[in-house]
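You will see two complexes here that share subunit A, one where it goes with subunit B and one where it goes with subunit C.
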Partner chain A sequence: MPDANAVQWLQSLNALTGGLFLLVTFGLVSLRQIHGCLRLFVAQSILLATSAFLLGALYHTWHLTVVGVVDLVTKVVITPWVLRRLLHDEVQTRREITQVLNIPTALLLALALAITAYLLASPLVALGGGAAIGVNLPIGLAGLLIGGLTAAVRREAVPLFLGLLAMENSSFFAGIGVAPEMPLIAEVSIAFDVLILVFVVGLLTRAMHEHIGTTEVGALTALTEEQAP
Partner chain B sequence: MSVVLVPLLPLAAALLSLLPLGRRFAPSVTVAAAAAALALGAGDALRVAVARRLIVIAGWVELDGSGALLLLLVTFVSATAALFSWGYVARHEADARRVRLYCAHFNLFTFALALVPVLAEPALVWIAVELTAVFSVLLVAFDNTRGALEAAWKYIALMFMGAAIALLGFFVLFWAQQMAGGGHYSWDGLRAVAPRLPPVLVMAAFLLILVGFGTKVGFVPMHTWLPDAHSQAPSPVCALLSGVKTTSALYCILRLVPLLPPASVGAWMRGVGLISAGVAAFLLLQVRDYKRLFAFSTVEHMGIIFVAAGLGGPRGMAGAMLQMVSHSVTKSFCFLAAGAALLVLGTREIASVRGLLRTSPATGAALLLGALAIGGAPPFAVFLSEFSIFRAGLEQGRYLVTALLAIAITVAFFGILLHVNRMVFGVPLETPSPARAALPATCLLTLVLAALPILVLGVYQPAWLDALSNLAAATLAPLAPASLP
Partner chain C sequence: MFNRILFNLVQVATVLIFAPLVAGVLGRLEENVQSKRGPSIFQPYRDIWKLFHKDEVVSDQSSWIFRFTPYLVFVTPVFVTLLIPVLTGYPLFFAFMGDMLGGGFVLSLGGFFATLAAVDTANPYGPVGASRTRMVGFLAEPVFMIVFFTVSFVAGSTIPYIVQQRWVTPPANFFAPSHVLLMVAFFMLILAECGRLPVDNPGGHFELAMIDESKSLEYSGRGMALVKWGGHMKVFVLLCIFLNVLVAPWGLAREQTLAAVLLAIPLVLLKLLACVLVLVVIESSLAKLRLFRIAEFLGAAFVTSVAAMITRLFAF
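Moving on, here comes the complex of A and B:
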């Protein structure tokens, strides 16, 4: 049992990690370069793993340590490697010229979503439970909403997909706070499931680049009920 | 043991399909595995109808009433789709490597589908549902056309977005169980502590999972990907996507109903269901592509099932289960018939097809049968199940809901028949070559086999199937107020 001082330290560090996690998620909405987005996603995954290690010490459960290690291996090492290997250089060095929303508007919306997430989470946080729920649940929920916003404003395949991966990271960030005792086999399989997904989306993006010559998914709007002009 | 074999057979077949042993090898392995899985799955369903549940690894791999019903549907549709695939790839794919790839993906997809009902741990079920999307996305994109790639991208983006939201729901559900005293995290473990679960947490979990998995089911307004993916994929895959993949996501949402405080979400479910059924019924009036027609009909039917589940009462959930069965067998048949029409005609456009009954009598008859059956005409399976839902609605005194549902079903019926009549009757616009107009023998055989349950279930309900759907309804029924402390 760590003494009260250590608990205090762990909680403060976890709160710091949570703040950085939210900051990185904001960055993901606004950054234009695809390489930069990938680096931010890696940073977000490292912060997720950090929080898992801290909570593992706080709740005295080795489960979360394993979750953190698996997260580091799958998202920090393998995911960027798979995406870099599968995708053509041209796809990765692209910059997004047009976004659905301009950056200040997107950031303001993200801010509004973060406040909404805090309000939505407060009745759940009030129920009590683990010490870290007050940090991890609102920030995870905010990340989930902001990740969704990222996916909605992006028109290029890779940043859009990174927004979706950020949503999954955020769900996990909240999950390790509220459910630290979740059976390990489930948590580890979720990580590998995401890995298969990364591989499949990489293949799909490559097929789009090869067969239709663009990865700007926002421009793909052929399938509708309306008559073609 | 046979419960575990049902998903493992397609997994083994997926690996075998990759071996380069001639053009015929991969499809025959696929058909053999699917047929064996159907035999085992039906056997398991029969045993569950008697023994109420089969336990392989307690709390992890179990099969109860609703699981057995879904497993039966999954294995049946997998078997018909596999048999149809034989003729489909023979006609459609020239390259032996692409045939192998198709079969490998197809088997992985049916593996994931069979995994959903046999797992009892909610987080693992989340993974299985997610795997059904991951393994089917490259099948949706299989033709590599602009349309197929667009559909596949929209499909995977929305699937994963839904999965991420639902994941948080499953974490919150686990938290709720810990607050209620713990126990093993499984559907049964949750049911055992259901009255003590904190209502705000289960409601939060239900809403997250409703939004997340509702995207996968195709509830309006999260349905936008569904007509694209279900029209661009190869036809046998469409049969699986529309027939059972949507149903398995819906099954996960319905699993939460017994955990919720009584009478708390019935109105939500009826509302979401009615919006889906109503909007889809009007959207399918204006389609130009006959595969999209059946895809919109899937959105409508998912809405009908959700309304029935939200009606409550002993008959409501039983009606939902019957509708699940009749929709799965009928919709998969519709997509196989549409696939046959696509093989014969080479176009998906309704406007450029006339007189299909003359160009290819078997295809025309199948399409007409499918349209009548899915629209809800007597004496087919959907008619009976929709009738039982109306009866449940009237018994509960929900006249407005029942009336709105009846309007949606009627509009959809006329919408479907309007388009299909145009295609089936009249004088052909152009005559395809005789080689093209003749369906592959396996496709014809599949159509006959897949039509059997639609015809039989419309006039006769076997006692074991009745017992199984009542058992399924009982495992998903809301808590009775009397059982609360």
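Moving on, here comes the complex of A and C:
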């Protein structure tokens, strides 16, 4: 059992990680560049892994350490590599992406969602169950909602997909705080699902780009035959 | 009693003397990053000296506001210096005359008159810059409010000395998420308020793109010197609030002796140098935002500050 001082330090570092996680999630809504979005997603995954390591040390479970390592391998190393590899033109050369809402409006919406998440989480946290829940549950919930918002307001395939991945990240972030003893097999299988998802979406986007020359899924409301002369 | 007034005067003298030096170091380092030699770090002093010895031209179409403004711009940062901890960690004679909000109001009084003076002359670029500054100002206002609200909520006070001792000095509080997010938000605010990149390019000489600079285009001679010196002092004072109250209240004088206060001067300058290095990195790596993107930048600052507030309000 670590002494009380170490516990307090671990908890405050976890709280800091949570704060940065929230900040990065806000960044995902507001950033314009695809490459920047990808970098923010990587940062978010690193923060998730950090929180997993800290909570693993706090609760003495090696499960969470494994979760952190799996997260680092799949989301920090493989996912960006695959996306850069498959969608080189999209990620590296396109700088500006369009949005359904303008960025200040989207940010204010994200803020409202974050406050909602805190309000929703407070009765659950009041039930007790460890100090880490007070950080991880509301922030994970906020990230889940904001990730959904990102997926809704983005019109391009890659940032939209990154919004979905951010939702997955956030649910993990809440999960490691609520259920540190979750069966490892569930976590590992989710992580591999994410990898397969990355491959499928990457290939799909590439095929889309080859056929219609753009990945703006927001523009895909009319059939191409209709527009042909 | 007498000591405290003396220390207050030492603080004011520090701000007066070293404010141009900070600007000079910042300019020099930025040029060095671009592999140029850059002007001497004492160039701002020479500029101010030169301007004081030049004739002043005042348009006969302008009103008293134009003549009065340089003095106000020069004096307001000095007033704020009386309220904030520049060198000492304990409250001085005037410390309880006003809180951080009061300091903010005093600083914005100078900004308000600078705006009026820019509109006062018939120079076409002045009002353009003035309206842009107001735009940045009113976008920055909610961030200021939320930052002060959070600070007063946590520390139970808005007097900077008390905030610094209650909140920032215990190391466990330093890593609190609300504190870190608040630091980020306040730093973004300083970038916007001081007209630094990415909001405004202080090195630009193209009138149509100016935000902060164009307000002082009509000034010459002594008025220009005062406006420049006041601008340097405003940056110095804001960085002092940021560093000594919110980020790193270390190295300040703890004993009530003149020697301790004088020893604090190099330590504070060292902290400012570290902050200037961060500024150099930011200014060298970011491009100026387009005018209507500034709303996004300050919107991000607002969201950061509100996130700081909610992580604190709902801390379980």
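Here is the rule we use: the second predicted complex is superposed on the first by the 214 of 229 C-alpha atoms of A that agree within 3 Å, B and C clash if a C-alpha of one lies under 4 Å from a C-alpha of the other, contacts with A are read in each partner's own complex, and residues count from 1 in each chain.
Please note the rule applied: a residue touches a chain if its C-beta (ideal position, glycine included) is under 8 Å from a C-beta of that chain, and two chains touch if they have at least 3 such contacts.
Just so it is clear, the structure is predicted and the values come from calculations on it, not from any experiment.
Asker: Is A:217 in contact with subunit B, with subunit C, with both, or with neither (first, second, both, neither)?
Answerer: In the superposition, A:217 contacts subunit B only.
Asker: If we overlay the two complexes on their shared chain A, which of subunit B and subunit C does A:186 touch? Say first, second, both or neither.
Answerer: Once the two structures are laid over each other on A, A:186 reaches subunit B alone.
Asker: Output check: A:151 vs subunit B and subunit C. Expected answer is one of first, second, both, neither. What do you get?
Answerer: The answer is first: A:151 touches subunit B but not subunit C.
Asker: Counting only touches as set out at the top, which of subunit B and subunit C does A:138 meet: first, second, both, neither?
Answerer: Only subunit C; A:138 stays clear of subunit B.
Asker: Which subunit A residues are contacted by subunit C in one complex and by subunit B in the other?
Answerer: Residues common to the subunit A contacts of subunit C and of subunit B do not exist here, since the sets are disjoint.
Asker: Name, in rising order, each residue of subunit B that touches subunit A in their complex.
Answerer: 121, 123-124, 126-127, 130-131, 134, 137-138, 141, 144-147, 149-154, 156-157, 160-161, 163-165, 167-168, 171-172, 174-175, 178-179, 185, 198, 200-201, 204, 227-228, 231-232, 283, 286-288, 292
Asker: Any idea which subunit A residues touch subunit B in the complex?
Answerer: Going by the criterion above, the answer is residues 123-124, 127, 129, 140-141, 144, 147-148, 151, 157, 160-161, 164, 167-168, 170-172, 174-175, 178-179, 181-183, 185-187, 189-190, 193, 196-197, 200-201, 203-204, 207-208, 211-212, 217, 220-223, 225, 227.
Asker: Under the stated contact criterion, what part of subunit A meets subunit C in this complex?
Answerer: Going by the criterion above, the answer is residues 8-9, 12-13, 15-16, 18-20, 22-23, 26-27, 30, 103-104, 107-108, 110-111, 114-115, 118, 121-122, 125-126, 131, 133-135, 138-139.
Asker: Would you mind writing out the residues of subunit C in touch with subunit A in their complex?
Answerer: 172, 175-178, 180-181, 184, 295-296, 299-300, 302-304, 306-308, 310-311, 313-316
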